[in-house]
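Heads up, the next two complexes both have subunit A, just with different partners, subunit B and then subunit C.
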Partner chain A sequence: MKKQIEKNIKSLLHSIWKSGDMAISWTKTSIPGKRTPFFIKNKNQIDQLVFDTFCAVSLATYLTEFNRKEILPEDFKGKLHITCKPCDARSVMQLFSDMQVSEELVNLIVIQCDGIADESKLTKIMSGYVSNIEEENDRFICKGIGGTEKSVPIRDCWLDKCSDGKNCDLPYYYGYYFVGNETEYRKRISNLLHTKTDLVQDTMSPKELKKLVNKELSSCIRCNACRNVCPACFCSDRCVFEQPKVNVKYLDSEDASKNNILYHMIRFNHVAPNCTGCGECERACPMSIPLSMFYKYFNRLMWEEFEYKPGKTNSERQKLLSYHLGEDLV
Partner chain B sequence: MRKRLQKQKLSSLIKKLKEDATVIAPVMTDKNEVDFLPVNSEEVILSGARSLYSPKKYIFKQSESMYDYTIQDSGKVTVKESCENEKQIIMGIRPCDLHAIEYMKEFYSGKYKDSYILRRLENSVLIGLACTEPSTNCFCTSLGNSPVDTDGSDIMMADAGSFYFVKGITEKGKKLIENNKDIFEDSQEDDERVLSDIKESCEKAILEKIDVTALKNKVGSAYNSDIWKKYSDICVNCGACTFNCPTCTCFDVADTSRSKNEGCHYRTWDTCQNFAFTLHASGHNPRSTSEERLRQRVMHKYQYTVDQMDQFSCTGCGRCTQVCPVGISMIAILKDIKEVVDNGEE
Partner chain C sequence: MASKKLIYLFPCLAEKRKKVLQKIEQEYPEIKIVPIICAGRFNTDIALKLINDGADGIVVLGCEPGDCHYREGSAISERRFLLVKHTLKAFGFEEERFQALWHKPSEVKGVMNELNLFMEKLASIEQKGVEE
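After this line comes the complex of A and B, so read on.
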């Protein structure tokens, strides 16, 4: 079925392609279990695109202003097609709401998704070495060291957000193409159990929270991977952490662990109002810091306070950045 | 000097070593990843695939103060050098990471000597471990290295089933063995064979092979080719690849105050993937695009250090590929370079 979906994406792109267009999608790499973003700059590259269980990278981040400027070809004059899993589509919605990319420019293609595998989880299960992965029904057949074979349920390698299911909702937006069967998709996600227990719990006292934050964030090496992949982090060269234009360091890096916490606190506060919970930060973090657990916590607070969930539509204003006339200002 | 260390004796060795040094070894973290951490004894893991993180951070720290200053009420300023002088023993270092430390040593002891790093190396005993299992992204053999290389180690160990075959390499290493000789046993005639066995099985398992040594001095010819754009387009300039690379040596320096009359001059890891890395005070940036920055990383590893130090500054550990959030593979880039070089030669 996945092969069929991939085919359908290709034929859709072929049919809507006009000269001067560009598309962002995925393609294969030589690394087992890794797919890489792929920019289609002319029509005859369409057939190299791939969609399967390993397309983990969210392409929404390439729509942020900074990235977009660097990738658009000089002769670009048409539409930017972007292939998205439903969760990634929500990040695109948020970029629309935040007016970071114009709806005129982007053509959103949402794909029926059956859960995406996290290559690093699979690698851990295989203790660091995988030479080949075959997909059979709901299992991966992986070749390990010395030709040993292991059969791993795909669900065990899912990205956290896939088993959680809270991110799978389709956005309220009528401007997208859907590839696959929408009814079937809605049925699948309504059956997801939403049972994952969160690391950061609502009942935690500030003290407990602080302890958890200190424990988890102290290993951060400040590589900025979490910031750079985040589609909700779009200040690019005007970011507080480094201001290339003026080259001022607002946050110094001495005594790493102490300042790391400040770094993340700033990011939590900046991103909480538009974090869709895509989990890219956590996936990108080379130190495996469970970042999205913290963002989810803020998401929940946001929901309790304002009944607001980022990425739901293309036009809802961020709740921490807007107010209604007559609203009580604290 | 050749010895045997029975596996059940490992913990008593570590306990003994801990008496006058910090012992650092690979352990499984609660995130199910292998990392080099200070150990007690039992938790050490000397098997399985190579650690996701290299022991670089114990030689070249993520951030460290270069000197501290205090200003007294009288206005007198005192400056204090802040490098610690503690002994450390790092064990379980794979040959690739040994090569990296060896490279770092040479790099920091060139024309300008980095006394902090050299002192730390001086105070460290490095115990290597022949590599029995590569990781998915390993390509050390492509660079002419081998999973049983001993360069850079003071002592080399190899897993021989029920015991470790131990070899004292430097004087420092031999002295350590000598000081603990009741824990070791004499080695047998053909113990050394374990090295060639490990070499053979590990090399067989390595997935990626491309002869990079044949590209020595030729990588530069791909400078103006169009291969870079393909990767720089998707690169998000995060720098995870450089921060996790055992041979990346760049740092930034800055000053900070800790209180009204105390502060320090410190350095932190920095990365060429960052826009601000090459930004001049005038506002001009010689590497302003992502393409130039990605090319810099690759050229530095495979051409510039060949020019300057006659060696690659990549050990083939594959970590950059493993951590890249968008799946950029160093081996794929090298294959593209090879194609450009080969086509240029015809």
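After this line comes the complex of A and C, so read on.
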């Protein structure tokens, strides 16, 4: 079925392509389970695109760069087609409603998705290098070092967000193409359990939590990967941490772990109103820091305090930026 | 244990607030007063930085939402302040360390009462920290 979907994406792109368009999608790399973002700049590149269970990268982030004209080819004068899983589509919606990218320029192609696998989880299960991966129903048949073969359930390799299903809902938006069977997809996600999220913040006392946060963040090397990959963190060169001229130097403590904590506190404080919980920050982190313990807290907070779910529509203004006299405060 | 506390107060600069600020200066000499234009202009990143650097408490003093000279200023900030409290909580700081007080500029007694409560709360946090 995946193959069919991939074919449909390609034929859709062929049929709507006009000269001067551009598309962002995924393609293969030399590593069996890794897919990399792929920029299609002319029509005959379309056939190189790939969609399968390993397309974990969210392409929504590129739209923030698109806005700054960084990734555009010189002769771009048409539309930007972007292929998205439903969860990434919500990140795109949030960028629309934050007015970070113009809706007229973007053509959204949402793809039916039934769980995406994280290559690093598979590598861990296989304890090392994987030379070949075949997909059979709901299992991966992997070849490891020395020709050992192992069959791994796909479910065990799922991204964190795929297993709790909170991110799978489609946005309320009229203008996307859906590749796959939309009714079938809606039926699948309506069956997913929307359980309450259990978070460490609920059970731990401040002191214990402080210890845990200290421990987890002490390995942060402040490489900025989490910031750069985040579709909600779109200030780019205007980020507070990179202002040479402002009077406040935020990360100037001699104690590196203090700087790390402040870095993440400020970052989450900024992105909380528009974080869709896409999990890209955690996926991109080279030190495997469990950042989900923070963004999940804020996702829940936004819903409980403001009944606001980032990325639900293309026009709802986030509650921390807009206020009308007479409106309820919280 | 009477350790010296580090507390910052950010009052909005309404003309009539002078009286209450004088009073605070007299009664709580340990509070550092940093005037800002409007409570809505308060940069919450600063609060996070100060608390992370070891400040015991941050108080922002502004006009009641709806009463603000800059109309929505204090209303929007009330939402942002809620977020700051939760950011503190998510990272293992006591959310009580950050407090916003909303009062008319001429109000003195109400401000002093709430400030007193705030100081008591800080003391009990410290007490708990010692006990654990």
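The rule is short, and it goes like this: the second predicted complex is superposed on the first by the 294 of 330 C-alpha atoms of A that agree within 3 Å, B and C clash if a C-alpha of one lies under 4 Å from a C-alpha of the other, contacts with A are read in each partner's own complex, and residues count from 1 in each chain.
Keep in mind that, in the parts below, a contact is a pair of C-beta atoms (placed from the backbone, for glycine too) under 8 Å apart; a residue touches a chain by one contact, two chains touch by 3 or more.
Just so we're clear, the structure is a prediction, and the values are computed from it rather than from any experiment.
Participant: Examine A:Pro37 and indicate which partner it touches, taking first as subunit B and second as subunit C; both and neither are also allowed.
Facilitator: Touch partner of A:Pro37: subunit B, not subunit C.
Participant: Contact-wise, after the overlay, does A:Phe294 reach subunit B, subunit C, both or neither (first, second, both, neither)?
Facilitator: In the superposition, A:Phe294 touches subunit C alone.
Participant: Which partner, subunit B or subunit C, touches the larger number of subunit A residues?
Facilitator: Between subunit B and subunit C, B touches the greater number of residues in subunit A.
Participant: Would you sort A:Glu280 into first (subunit B), second (subunit C), both or neither based on which partner it touches?
Facilitator: Once the two structures are laid over each other on A, A:Glu280 reaches subunit B alone.
Participant: For A:Val130, is the partner it touches subunit B (first), subunit C (second), both, or none of the two (neither)?
Facilitator: After superposing on A, A:Val130 lies in contact with subunit B but is clear of subunit C.
Participant: Just checking: does A:Leu262 make contact with subunit B only, subunit C only, both, or neither of them? Give me first, second, both or neither.
Facilitator: It touches subunit C, and subunit B stays clear.
Participant: After lining up the shared chain so the two structures overlap, which partner does A:Gly146 touch, if you call subunit B first and subunit C second: first, second, both or neither?
Facilitator: A:Gly146 contacts subunit B only, not subunit C.
Participant: For subunit A, give the residues common to its interface with subunit B and its interface with subunit C.
Facilitator: Touching subunit B and subunit C on subunit A: residues 253.
Participant: Would you tell me which residues of subunit A are touching subunit B in their complex?
Facilitator: Contacts found on subunit A: 29-32, 34-39, 57, 61-62, 67, 70-71, 123-124, 127-131, 145-146, 221-225, 227-229, 237, 242, 244-245, 247, 249, 252-256, 280, 283-284, 286-288.
Participant: Using the touch rule from the top, collect the residues of subunit B that touch subunit A in their complex.
Facilitator: Interface residues on the subunit B side: 31-34, 48-50, 52-53, 62-63, 65, 133-137, 201, 205, 207-208, 232-234, 236-240, 242-244, 254, 256, 264, 266, 268-269, 271, 274-276, 279, 281, 283, 285, 289-290, 321, 323, 325-329, 331-332.
Participant: So in the complex, the part of subunit A that touches subunit C is made up of which residues?
Facilitator: 201, 204-214, 240, 248, 250, 253, 258, 261-262, 264-266, 268-269, 272-273, 294, 297-298, 301, 305-306, 319-321, 323, 325, 329-330
Participant: Note which residues of subunit C are touching subunit A in the complex, please.
Facilitator: So the residues of subunit C in touch with subunit A come to 43-46, 48-49, 52-53, 65-66, 71-72, 75-76, 78-80, 82-84, 86-94, 129, 132.
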